Amino acid sequence: MNRLAMELPGLSLKNPIMPASGCFGFGKEYSEFYNLNELGSIMIKATTRETRFGNPTPRVAETSSGMLNAIGLQNPGLDHVMEHELPWLEKYDVPIIANVAGSTVDDYVEVSKRISTAPNVQALELNISCPNVKHGGIAFGTDPHTARELTQKVKEVSSVPVYVKLSPNVSSIVDMALAVEAGGADGLTMINTLVGMRLDRKTGMPIIANKTGGLSGPAIKPVALRMVYEVSQKTSLPIIAMGGVQDAYDALDFISAGASAVAVGTANFVDPHVCPTIIKDLDQILQEWNVNHILDLRGRSWMTHGEAAHHRA
Amino acid sequence: MIEQQNMTIVSHRSIAEDIFELVLEGSLTNRMTSPGQFVHVKVTSGSDPLLRRPISICSINQSLNQFTMLYRVSGSGTGTKVLSNLPKGSKVNVLGPLGNGFPLDELEAGQSALLIGGGIGVPPLYELSKRLTERGVNVTHILGFQQKSAVFYQEEFEELGDTYVATVDGSHGIKGFVTDVVDQLSLKSDAYYTCGPTPMLRAVEQKFEHTTGFISMEERMGCGIGACLACVCHVNGDESGLLYKKVCSDGPVFKRGEVIL
Amino acid sequence: MNRLAMELPGLSLKNPIMPASGCFGFGKEYSEFYNLNELGSIMIKATTRETRFGNPTPRVAETSSGMLNAIGLQNPGLDHVMEHELPWLEKYDVPIIANVAGSTVDDYVEVSKRISTAPNVQALELNISCPNVKHGGIAFGTDPHTARELTQKVKEVSSVPVYVKLSPNVSSIVDMALAVEAGGADGLTMINTLVGMRLDRKTGMPIIANKTGGLSGPAIKPVALRMVYEVSQKTSLPIIAMGGVQDAYDALDFISAGASAVAVGTANFVDPHVCPTIIKDLDQILQEWNVNHILDLRGRSWMTHGEAAHHRA
Amino acid sequence: MIEQQNMTIVSHRSIAEDIFELVLEGSLTNRMTSPGQFVHVKVTSGSDPLLRRPISICSINQSLNQFTMLYRVSGSGTGTKVLSNLPKGSKVNVLGPLGNGFPLDELEAGQSALLIGGGIGVPPLYELSKRLTERGVNVTHILGFQQKSAVFYQEEFEELGDTYVATVDGSHGIKGFVTDVVDQLSLKSDAYYTCGPTPMLRAVEQKFEHTTGFISMEERMGCGIGACLACVCHVNGDESGLLYKKVCSDGPVFKRGEVIL
């Protein structure tokens, strides 16, 4: 019995676990640790129209149970990704979710149009939530109107379903979700990083050259979980959730909160084997719990305590 | 092949002010080939500290399945502080060996090498010096520290070759920086190998404009294996500004002039 | 030489360290551990017009380097606070900052008017950022227009300066700060908690009875620091900062980011002596660093790296 | 007076499945007066886990300056799991003693007491039983556990008085709940003292409607000293719904009927 396989728009997933964008490059490095075929999917590093170097270093800093990063969307550019990275990944039987970024609407449209034609790209992830670039990124992700328009434009040109990656740095995550749903999004991915900062103890200066960075890791899990809980009850879009997942229980929490699949970011840096370990553990836990399919647990946190008592009885 | 392993602490002691020597045992040691490589250490299993710490391999004892690292405790509440409290017998999760070390075949028996280390950049030079002397290379060490209390491994290096120690405040050895030692003693060699703070690396690179040299870089890291792009540096002579090297996987050792310090 | 004393609107502070509202009750419990005269100030528990029981239990849950709480503004009500809690505190020579909450604008106005007349209340802290109540609280703290109006109305009736406590759960914290500044606020306190959630591993149900709670502790420090950094450069209001402060270095980080004083919340639960310890350590660190006054370090993170190099030379 | 102290682990061992016995030494022990009080334990100095853990005092040895606590490791990645890995000699930061324990002067020599504990609610009854027997009170214990592997301290309790053990699955002692034991054996007493899961406390309270009783409550805590209002419970007979008791500082022991379970 396969407890973990599922169908999401554009994606036939062996299991709901995938590395999050930017935390796995284009797969090569981690392919030295395990067979990438074990993964449900791979969210590749943000791709922009042009080659980008990104921000000056230092680009990362550690915080309590978290880390800040300001890579600044460094990537080899659309042409290189189309010609080298995606073809290299074709040797694996894993659907690719291409993370798309840009400075202007045109950038997003152009990258989406072309990258969605790659044979192994089964879905796009619109990155309207990168906090580490001056133009584009989060600017598109904090105003519902802009986000809706961008989604619409990308939907017009994309050959595959479009997931929109939401930023947590907003007053109402539900409004953002409803806006991109209205724009025609096929799914949501959430959350990107919270904007944060760390100072050098002695000099008082920001450690990260970009001054601020995006906070990820276990520290943000409670915020991510709450947002998935809220959004999943207000939209009908499937959610691929992320934020601080370290083990199978964390992944189950996001499913319980209302997500359908789960991505793992920062934890890859701590343990390169974390994704296959989670996949293995998930299957075992579900077996122990006598749960036929992981999606049977989806949204179980929505119940009132009364309902829950009833359900258990 | 990079591996992840819970290794056992077989010895752990303070060897200078805030400097610890940690000896770890496990089969991972067999994979360590090149001096100058490093390991990525997860100090505790919890999420505080969350990330691994990059620490150079200081010496390798493959027959005992042990390797040694030297590290500085950088303050209260840091990961290295937590590490320093682990007693003998504890397990430490190690990812490694990582990166590319110093090339050994650049020099032949009878040739001379200058090894220049500053502060916590000194450790990787120790295994390097052992390997070079094994090859019959004549090795001279210049080790720079802040002050006397920070000096470590002087005797260990002296056993392998001429060793000059400099301290910034003159409280031990020669007063000044490692480059002052080079000037005062007019030291020359067929190649140099250096590791330490970036300003020191720059000064060394300038001083030996016409000598083959290998430089070990430091940068804050995420993954340590080349996936996250936290640790990039620019490439010399690249006008586009778009080329880069990853310190963790292309380095940490680069040929002189290869990357912008 | 007194390196720590300072004057802020309404407040003559011996030092810039004070317990944060809700984490210190009305002082009685901690007075068993040390003399409250050591504190710069005390931010007392939120007071509402009427007595409130608050939310059902469980009210707290732990997360990675943080905690969630949903106390729900339990407090004995304005009359009781005026007649018992504040008079009890009069035996200490410490200025009190009264945290004011309510469900309606009228509530805030009424509580502010009366509590600001208490002899030891030297400033108000308008709590427009409590995430744990159905009415009022955060609803006032996420819309700039509403926040500005509330501030104005309270300013009209308050006998002491008014600080407004900002919520981090907004798209633009600077807009909120500018709004309450325009409304006449005398100062800002920030940040209140981030809305978060934790689920029970086995049942998948929220641990906190209120379902969501406010995230505090070291986990949120990077977010708090970034917000203080942003706001302090855009307004001229003094800031009392909080969020994850555990030791003197954390407090200095907030001063470096642009705050004038620092409040300590969750850390009191971990170490009841944390406030006096921070005060003692601060003095010693400044002495070691040869800094004459803590405010000489205020905003040092604002410099560009170039300026910083210059400054150090 | 409540104090905060780094205490030393003098003994630490597993005594049943996931159950550990921890003996700590330090002068804080002198402040422990009443059985049923608890301590608030900071497991490590870092921020993960952040909060203290409330654990009951199980027995006090003032001549040795030592006290014992028994705790259950509630899963992987929990604070109690981290605690269980600390070896003898380690320091643990303890805040205590906290709360109000079981009153001893309710009974006189010759009178009888029923002590009813469920699972990890059993430990505080041990010091209570010692004190009551010292006073000459006849003590009977009913201890309930899930299954055989979870049973602990049976012999210790047997030394002090009649002891009945019940397991839910019947794998040890009497099959069923502690209240089933009360029914089967028609146990009666002048007063009862109980600690355990809330449903058990409710069942016990109902069973002994006319007996003096003392009930130890559990609630998730923040401060542990009465300041944060995390641990409140409603008061019986309060129609306004506004009265409350704090489990940490008004309790954890309440008189039967005082608060709403």
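For reference, chains read A, B, C and D in written order, and residue numbers begin at 1 within each chain.
By definition in this document, a residue touches a chain if its C-beta (ideal position, glycine included) is under 8 Å from a C-beta of that chain, and two chains touch if they have at least 3 such contacts.
This one's a predicted model, so the numbers in the text were calculated from it and none came from an experiment.
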- [ ] Name whichever of A-D and A-B has more C-beta pairs touching across its two chains.
- [x] A-B
Open item on the list: From the mean C-alpha coordinate of chain B to that of chain D, what's the distance rounded to whole Å?
Closed with: 53
Open item on the list: On a C-alpha centroid basis, what's the spacing between chain A and chain B, in Å?
Closed with: 36
TODO: Measure off the straight-line distance from the CA centroid of chain B to the CA centroid of chain C, and report it in whole Å.
DONE: 45
Task: Residues of chain C engaged with two or more neighbouring chains - done: 64-66, 201, 217-219, 249
Open item on the list: Residues touching two or more other chains, restricted to chain D: which are they?
Closed with: 47-49, 77
Open item on the list: Tell me the shape of the graph of touching chains, choosing from line, ring, star, complete and other.
Closed with: complete
- [ ] Show which residues of chain B lie in contact with chain D when the two form their complex.
- [x] 44, 46-49, 77, 82, 87
Task: Complex contacts: residues of chain C adjacent to chain A - done: 63-66, 68, 142-143, 169-172, 194-199, 201, 203-206, 209, 211-212, 215, 217-223, 225-226, 229, 244, 249, 252-253, 256-257, 297, 300-301, 303, 305, 308, 312
- [ ] Spell out the residues on chain B that touch chain A in their complex, using ranges where they run on.
- [x] 1-2, 4, 42, 47-52, 75, 79, 95, 219-234, 241-242, 244, 249
Task: Contact footprint of chain D on chain A as seen in their complex - done: 64-65, 218, 247, 249
Open item on the list: Can you tell me which positions in chain A touch chain B when the two form their complex?
Closed with: 22-25, 28-30, 32-33, 45, 51-54, 57-62, 64-67, 69, 71, 74, 201, 207, 217-219, 246, 266, 268-273
